[in-house]
Amino acid sequence: MHAIALIGAGRIGRIHAANIAAHSRLRLLHVVDRDVDAAASLAERHGARSADADAAINDPEVAGIIVASATDTHIAYTIAAAEAGKPVLCEKPLDQSLAAAVAAADRLDALGARVLLGFNRRFDPHFAALRARLAGGAVGALESLHIVSHDPAPPPPAYVAGSGGMFTDMVIHDFDMARWLLDEEPVGVFASASCLIDPAIGAAGDVDTARTVLRTASGRLCSISSSRRSGYGYDQRIEAFGARGMLRVGNVAETMVETWHEEGATRDRLQNFFLDRYAAAYRAELDHFAEVIAGAAPAITHRDGVAALALAAAATRSLHIGRMETP
Amino acid sequence: MHAIALIGAGRIGRIHAANIAAHSRLRLLHVVDRDVDAAASLAERHGARSADADAAINDPEVAGIIVASATDTHIAYTIAAAEAGKPVLCEKPLDQSLAAAVAAADRLDALGARVLLGFNRRFDPHFAALRARLAGGAVGALESLHIVSHDPAPPPPAYVAGSGGMFTDMVIHDFDMARWLLDEEPVGVFASASCLIDPAIGAAGDVDTARTVLRTASGRLCSISSSRRSGYGYDQRIEAFGARGMLRVGNVAETMVETWHEEGATRDRLQNFFLDRYAAAYRAELDHFAEVIAGAAPAITHRDGVAALALAAAATRSLHIGRMETP
Amino acid sequence: MHAIALIGAGRIGRIHAANIAAHSRLRLLHVVDRDVDAAASLAERHGARSADADAAINDPEVAGIIVASATDTHIAYTIAAAEAGKPVLCEKPLDQSLAAAVAAADRLDALGARVLLGFNRRFDPHFAALRARLAGGAVGALESLHIVSHDPAPPPPAYVAGSGGMFTDMVIHDFDMARWLLDEEPVGVFASASCLIDPAIGAAGDVDTARTVLRTASGRLCSISSSRRSGYGYDQRIEAFGARGMLRVGNVAETMVETWHEEGATRDRLQNFFLDRYAAAYRAELDHFAEVIAGAAPAITHRDGVAALALAAAATRSLHIGRMETP
Amino acid sequence: MHAIALIGAGRIGRIHAANIAAHSRLRLLHVVDRDVDAAASLAERHGARSADADAAINDPEVAGIIVASATDTHIAYTIAAAEAGKPVLCEKPLDQSLAAAVAAADRLDALGARVLLGFNRRFDPHFAALRARLAGGAVGALESLHIVSHDPAPPPPAYVAGSGGMFTDMVIHDFDMARWLLDEEPVGVFASASCLIDPAIGAAGDVDTARTVLRTASGRLCSISSSRRSGYGYDQRIEAFGARGMLRVGNVAETMVETWHEEGATRDRLQNFFLDRYAAAYRAELDHFAEVIAGAAPAITHRDGVAALALAAAATRSLHIGRMETP
């Protein structure tokens, strides 16, 4: 059983804690949080201890660190863990600043760090199956993608103000999915976006509705449809167009119940919350982290974090100047 | 252009008249109806003439007769047409009485009649494609069937009283589908039924909700789910279970529009009316009748009408004695 | 943490053991099996001990007993647990013999036993949601049901020979679902069945393909489609027809991936194995057992086991005499 | 019965001819084609006469003109018809040249011409139902659109060379759909495209795979996914995202047959050919033209043709300079 130190006792931290508790090869040893009551309460629930970050990271018993704290602390904790020679599972994004992320990545490379960056969607069984079939040639060579990623409801304006903007905060997941599925780096990014949902988001300098187009050197194309609010649950879909057909992943409903009535047939509502929709992905991600602790190379690294941030930065520039940008 | 005499200017007659008008090898010459105003009005709409039955049937110009009049006149008109040596398209059922139908079929055989019995569902493109794939071995040898046939809303009690009962009036279509798809005669029929929808139907001595099981000599099974009222449109589905899989035909919606909302995703309502759902079937049936006039053997004959009636009679007996009956 | 003694280290026993390990209020203390190596191995995997049945049942530390051993031992262990005053989760069926089950149920009642009978499908989230909506009036008063329950592939003939027959072994689940959803006892049972899949099943005196019709006092109807082999995975569907519409539960696919190709659009294959399809049901069933240990009344008791067995016996009689039987 | 002169006896001309023949208020009088044998043959099939264009247009018996000839003759015939005071149904595009189309539109306005431009998809019952529900407020105010329009297979390279390019030839339909559904003019157009399907298309100076983004003054967004070859039939879908949900139109399969097998459940193949997919749209378009002849204002005019051409021209410019263009 590998002992884990978890930094961050918030929403994501609690998910990781529960998954560690249910994992056959991991156990939760330390919980770290600026809010010491939150840390203590989460630690107690799983038979772990509250600790400060330094002690937790450097405890020789600890085999791996999970960084699920505020974004502006991701780099510092990840580097500290790397300096201690410990593998890290770091939540996305690495940082809101591309420059800071690049500098951190250089430092992590110099340290020989083993960082698993938490782009959880790559571990979703539906998307992973799509990619495996694509790789297996089910529809021939990939030509283009369309990704839909609409949140159920917008975040509070205060969150938006500190989020780094819609592309860095939200679309970054889709940039990672696009890179993963295109199997080739985008060389051009175009974005157009509006504030149509909540004027407070616009007042905070952000947008809530967007279309983005990515283009690779060989001419593969990817469009991304983004919205902070769907009105019908968490809309997470991908279509991959190949030379002989299309693979697609549809949405996941809460149950398979359908109601047939005068107006038609209604399938059950969509899973509404990302922690429900991606519950299996978080478990699989943790399972991969257990393999990383045991010596495997991380499937997603800080360099993937930098690449996604570069796309987000290019998309944000494109928004203001109206042309395709090089990331 | 083959000239057609149409007997019956009611709901089904009007469908046939419009389809004849649009057909490239048929033209409507005579319309016959006890209600002479109805006959005249329908004839006028399509440039035809109102006539009495004898004159129409025996007009040498007439190449084919369509019998779409009241059920109790089907046999007389069909025999008259056969005596005149004309091919007949006769609406189902041949008669409400199995004994009368058997006698009529004997007479029609003696006359060498060419009768296309109007079990229109065999011409439905969806069900016809299912049968073609079954015959093509898409799922291996057929083992069992399940047929769902629920009407949108119950008929008026007055109609029920004269209908011959739910099995002779409504389930008879499904008996024909079962015979057609099983490709083997049922040797046993069991039915259980209730009056759950409209007490007036029960007061008229009939039922409105039923389950029927058919069994062939080789042990193939077919269940039929029947209801006079669905509450969600015209429910017409078939599942065919074979040695290597299942073929099924689902319902047909009015359009492909889906509405995604908080409660789920609602597909468009079902086609509600049998004349909409089976519009293509009526056209294909008429097209086959044009081939029969030109010399082809009818795909469905009065003998199929007798066989379906025998199943309906056996199901009705089964209802009362609670055991599987031989048709 | 309630300590559990698990009797039976086979396929189902291992599922219960893993679910106990992951449960927040239960812990596995003893594992009992005639095959002591199997017991020891399963116990070791979860930090429990191998024990003999008497010792395990009567260990004062043990708060609940799970009986997942061979069917012919269910009654003895359940009564022993009841005599020790312990709540029992007993796998279905209570016994293959209806007479033995009735006698056992009388004895259990006399002992004031608290028995949760393991009809796991009632805990499936899809079927549970269907029932909740039915109860909530989503489609008005229930009129009829159709249950499809086709296994992916037939069991070995040796299993069939000792199974008690298709109705007692397999359709018994559907009899329980029918009773649960009809909310009224069936008063008539009709079954017709064949051996179409594997002649060895017929040689063992059993059938592999069936249609069953149930009828309640108020005239509600339920048809059940049963097959030992689908050719397309584990087919588990229910349609509930009410006065204002239909509720239905469709099959569960392995993922939401669709492949669009020249022949059409293929959804992912069905979950093939009952332990995958009902994984969530087994967890919810165990969670309910934790509540039973804490004092709740079991949602399903030995009396439900007797009622389902009585329907299976009546269906088997109906098969041979061709008429509707009273259970 | 209004008499129609049909100019063009090619693929589309034959569709219009057959629809006129089946229409209750229209009859085909003249067929015009440079290929006089083609004109004569089509005329004969429907009891019409072959004629030259001038005579046909100016025949006082003729009440309406349909222009379905080669694109470079659309303007001349449409103006000739307008000069003769006759309503015209003109196939899309008005012309390949935006400048020529603008000049023609000015002349048509000066003549008070009544031109129905043949953007047939507006008459498709599925898309029309989507728009009606959008207008009815089913999902609140429209925020964004996504249109998928992939052809089954690429045209011959020779066709491509003379087509005016993918945006003017193919995406122009989607530009019209976008304008119709957005209910607001696009003020910005961005396109990125590649030649991934057939190098001969690239050699002819064109592209075969594209993503386009449109933006209106109020910030509404529309993405368009275009491909000259799907590998799975004619892919024609629209998603409309509003403040309270999404409306979408899915593809139309040839039948409702599904095949369930080991690999999953396969729905029937898509309608492959645009004349099948849009058969109902061509009928409804002609029906509207009959209303225009009777005095109604055309629902789509030459000005809509100009506006769609302007979007195609802007998209083509955007392709080369990599920035959003004003149409």
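Here the chain labels run A, B, C and D in written order, and each chain numbers its own residues starting at 1.
Note that in this section contacts are C-beta pairs under 8 Å (C-beta built on N, C-alpha and C of every residue); 3 or more make two chains touch, one makes a residue touch a chain.
Note that the structure is a prediction, hence the values are computed from the model and not measured.
Chemist: Compared with subunit D, which chain's mean CA position is the farthest off?
Modeler: C
Chemist: Higher C-beta contact count, A-D or C-D?
Modeler: Most C-beta pairs in contact, of the two: A-D.
Chemist: Please compute the C-alpha centroid of subunit C, do the same for subunit D, then give the distance between them in whole Å.
Modeler: 58
Chemist: What's the distance between the Cα centroids of subunit A and subunit D, rounded to whole Å?
Modeler: That gives a centre separation of 41 Å.
Chemist: Counting only residues that touch at least two other chains, what does the list for subunit B look like?
Modeler: Each of 139, 230-232, 235, 244-246, 259-262, 268 in subunit B touches at least two other chains.
Chemist: How about subunit D: which of its residues touch subunit B in the complex?
Modeler: 22, 125-126, 129-130, 133, 138-139, 244-252, 254-262, 268
Chemist: Which residues, counting only subunit A, touch subunit B once they are in their complex?
Modeler: Within the complex, subunit A contacts subunit B at residues 230-233, 235, 253, 259-270.
Chemist: Subunit B touches which residues of subunit C in the complex?
Modeler: 139-140, 143-144, 146, 148, 150, 188, 190, 192-197, 209-211, 213, 215, 219-223, 225, 227, 230-232, 235, 241-246, 321-324
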